[in-house]
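Each of the two complexes below includes chain A, the first together with chain B, the second together with chain C.
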Partner chain A sequence: MSRLEVRLSGEGGQGIILGGIILAEAAAVYGGLNAVQTQSYGPESRGGASRCEVVLSREEIDYPKVILPEVVLVMNREACVRYAHQVRPGGTVVVDSTFVDAVPETPGRVYRVPITRLAREHFGRDIVANIIALGVLAGLTGLVDRTSLEQAVANRVPPATREANLKALDVGYRAVAELLSAAASDS
Partner chain B sequence: MSRLEVRLSGEGGQGIILGGIILAEAAAVYGGLNAVQTQSYGPESRGGASRCEVVLSREEIDYPKVILPEVVLVMNREACVRYAHQVRPGGTVVVDSTFVDAVPETPGRVYRVPITRLAREHFGRDIVANIIALGVLAGLTGLVDRTSLEQAVANRVPPATREANLKALDVGYRAVAELLSAAASDS
Partner chain C sequence: MPHEPGVRLMQGNEACAEGALAAGLDFFAGYPITPSTEVAEFLAERLPRTGGTFIQMEDEIASMAAVVGASLAGARAMTATSGPGFSLKQENLGFAALVEAPCVVVNVQRQGPSTGLPTSPSQGDIMQARWGTHGDHPAVVLAPWSVHECFDLTVTAFNLAERLRIPVILLTDEVIGHMREKVTLPDPSSIRRESRPRIPPRTPGALPYEDRHSDVPPMAVFGDGNRAHVTGLLHDRRGYPIGPGPEAAALIRRLQAKVDARRSELAMVHGEMLDDAEVVVVAVGCVARSALRAVRLARQEGIAAGFLRPITVWPFPEERLARLAEEVRGFVVPEMNLGQLVYEVERAVRGRAAVRAYSRVDGNLITPEEVLGALREVARP
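== the complex of A and B ==
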């Protein structure tokens, strides 16, 4: 892997930025890669949009911004319209189907997962949706290994919520397993 | 202000990254500027070093990395050795004198504030040192206005800690007032 670009998008309150920090720390601090994690705030952020970019590489990272990502997470409709099509051909687009029905045409492979609904069902609240999303992204793409991701989650979330967040990560990985097994029996 | 660069540095656990997020959100979401906030993770991050960069501008920000910052915060000795001299001539270098005795030669103006000691004295714990530091930086430089900073702090910290963090911000501003009044009576 010379360079792998990830974009996480949604709105304020969905934990997009914490998701990016955890992903970058999993890859870098625990996984031995270089990582840069960036948030850009412009007029759209005053409307509540939230976007976070992570670049991973075995080499030094000269250019820290995402050019055309391999992996995209969209957590609401606006983010879907804006970012689902900005992905490398064959790249991975994960859509939170709790909030998004229609996905515009995209060169990526689209995976619909009811991320926030899973958070509500398993934990009775939306707040861990970002961690479920990380489990989904990592499970689908292998962009970081699970042990590193668990360590980064455990290190970054408040200690009192550590156990719930590690369970949320597991919910994400299991959602991927179900998705893939459903896809296999469809074919 | 066409472009203003800020570097926050220290070690894991000092809340450097959250400090950068709050600063960027204060400037952008509440202050109407554009902001980009970046963390880079390399081999030094596996040794525990933490660094966060914020670029503010009225214009769009094409290049998101810090080139030579106007404002630098160093929260431990290693960060001081590495970053205190990387500052524009006449720029502001804030040093947490709790951990740093000697400051290497630098083209910036150095302000020594016992940030972590203030956190311990006022709150009995280190954890709000990052918010005190933001109050110091903003009080010294005016790089964001106080109301915006208070809103960003209130929005980003856990609700149960909101009051303590707003007090911590005030401790930072008051430390600046004392520093400036001491400087005035020295001269």
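== the complex of A and C ==
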């Protein structure tokens, strides 16, 4: 794999940065790739804009930030307006349709998944939405293999929540399977 | 408790803290400040478990004072901060230089001046790291460009501080400090630790600043049972205050010469694609990551571009620059300030080649495209 760039965006409190860390860890520690994860956030810990970037490569990574991503996650309206169009042509844009209805014109392929709603339905709370999102991203793009991602999730989250988080990852993968089979039956 | 060797995804600040532990850190005093806080956070948890001491002080001035005090008592001591705190540490940094107290000061640069942009990177402290404290004084300043180098250079910083009895500054930035990256940590037993020269315990008649046999006098560590006197006044070999005259000048010159005499060893550089280069990008820290990509892109366009990264910012590797200036058409110096490193490049180049500055001060990392644009201008005027 030559350089592959991922941008995760939303707001403080949605677990955007932890999601990026887990993705980078899956690739670097368990997947044998090089990975760099960077982040940008305001002084507030909740509510402010939150952005996390992950660069993956088999080669040495020079510039650590995203130039134009292949994969974009937007978890709220503001992030959607700012980042949904900043993607390589044919790249993947995953939108949390719980919070975002209209997606602006983008050169990427848009996938609407009710990520936070799935979290509420399956777990009764929003907090695992970031892990569901990772399952969706990996399921759609294969940017890291599932075993590596599961290992990284299990390693990073508090032990008491390990099982729930692994289940959340599975919810993400299954959402992709449903999305793709629905798309296949449409065509 | 040393670190586990092997592959990890680690933050630059964490790697810096791990490097400090691997280098034998005994004492950390600090006051948390973004974007350096993780260094203290990590050490607050880990250092006490190794038998070391972690103190959160009331402010940065006191933190630096505590570090100097710990050093005088024999500890391998460190603090970490960012711009506003680095300003506050300057007075005691000068004190450390004069009393020859080995210590390491980490400055994770953020956009200033003043409180500035707390969560955004900058390289605005390049000159402050050299000249921030008043009076002539030795300075060694190391600037890592990767998480792995945060680890390695922290070890180097401790070893140089101890060997030369000087404060050493690790000058990182928000990008390098907060970035997480794949690192392979070495076996702790493979890490070499240097210690300060030290007067053996209870040595009759030993002088605490005896410099006739070495430019780095063996230290009279408090508690070793030797006579020690420490003052911010210029002092004689006993450590007692002196007035103006040759002894004062000799002390100032010796302190500076500790670094100057070892310039070729201390001034580390990292070069790539320099053999046939016509235009060379000179960059440090996070900006060097953008610069290397720009150089690679320029090569694809047929521009004979090269890359030179001072790993040691101070003493500045001016001999290397001076030699290159004879061979190349020009230099590009991208930096996240309004022009600091470029002064040193110009000073070394002495008009023998073009020097093009590129500045960015909006709190965002300079991009490879920006550096490439400047490279094109110098390569194809």
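In this text, the second predicted complex is superposed on the first by the 180 of 187 C-alpha atoms of A that agree within 3 Å, B and C clash if a C-alpha of one lies under 4 Å from a C-alpha of the other, contacts with A are read in each partner's own complex, and residues count from 1 in each chain.
In this text, contacts are C-beta pairs under 8 Å (C-beta built on N, C-alpha and C of every residue); 3 or more make two chains touch, one makes a residue touch a chain.
In this text, all values refer to a predicted model and were calculated from it rather than measured experimentally.
Colleague: With the two structures laid over each other on chain A, which partner does A:21 touch: chain B (first), chain C (second), both, or neither?
Modeller: After superposing on A, A:21 lies in contact with both chain B and chain C.
Colleague: Go through the superposed model and pick first if A:158 touches only chain B, second if only chain C, both, or neither.
Modeller: first
Colleague: For A:65, decide between first (touching chain B), second (touching chain C), both and neither.
Modeller: Touch status of A:65: both partners.
Colleague: May I ask you to decide whether A:177 touches chain B, chain C, both, or neither, giving the answer as first, second, both or neither?
Modeller: Neither: A:177 stays clear of chain B and chain C.
Colleague: Once the complexes are superposed, what residues of chain A are shared between the chain B interface and the chain C interface?
Modeller: Comparing the two interfaces on chain A, one with chain B and one with chain C, the shared residues are 21, 24-25, 28-29, 34-42, 61, 64-65.
Colleague: Which of the residues in chain C end up touching chain A in this complex?
Modeller: 7-9, 118-119, 175, 178-182, 286, 289-290, 292-293, 296, 365, 367-369
Colleague: Show which residues of chain A lie in contact with chain C when the two form their complex.
Modeller: 21, 24-25, 28-29, 33-43, 61-65, 67
Colleague: Of all residues in chain B, which touch chain A in the complex?
Modeller: 17, 21, 24-25, 27-29, 32, 34-42, 45-46, 60-61, 64-65, 158
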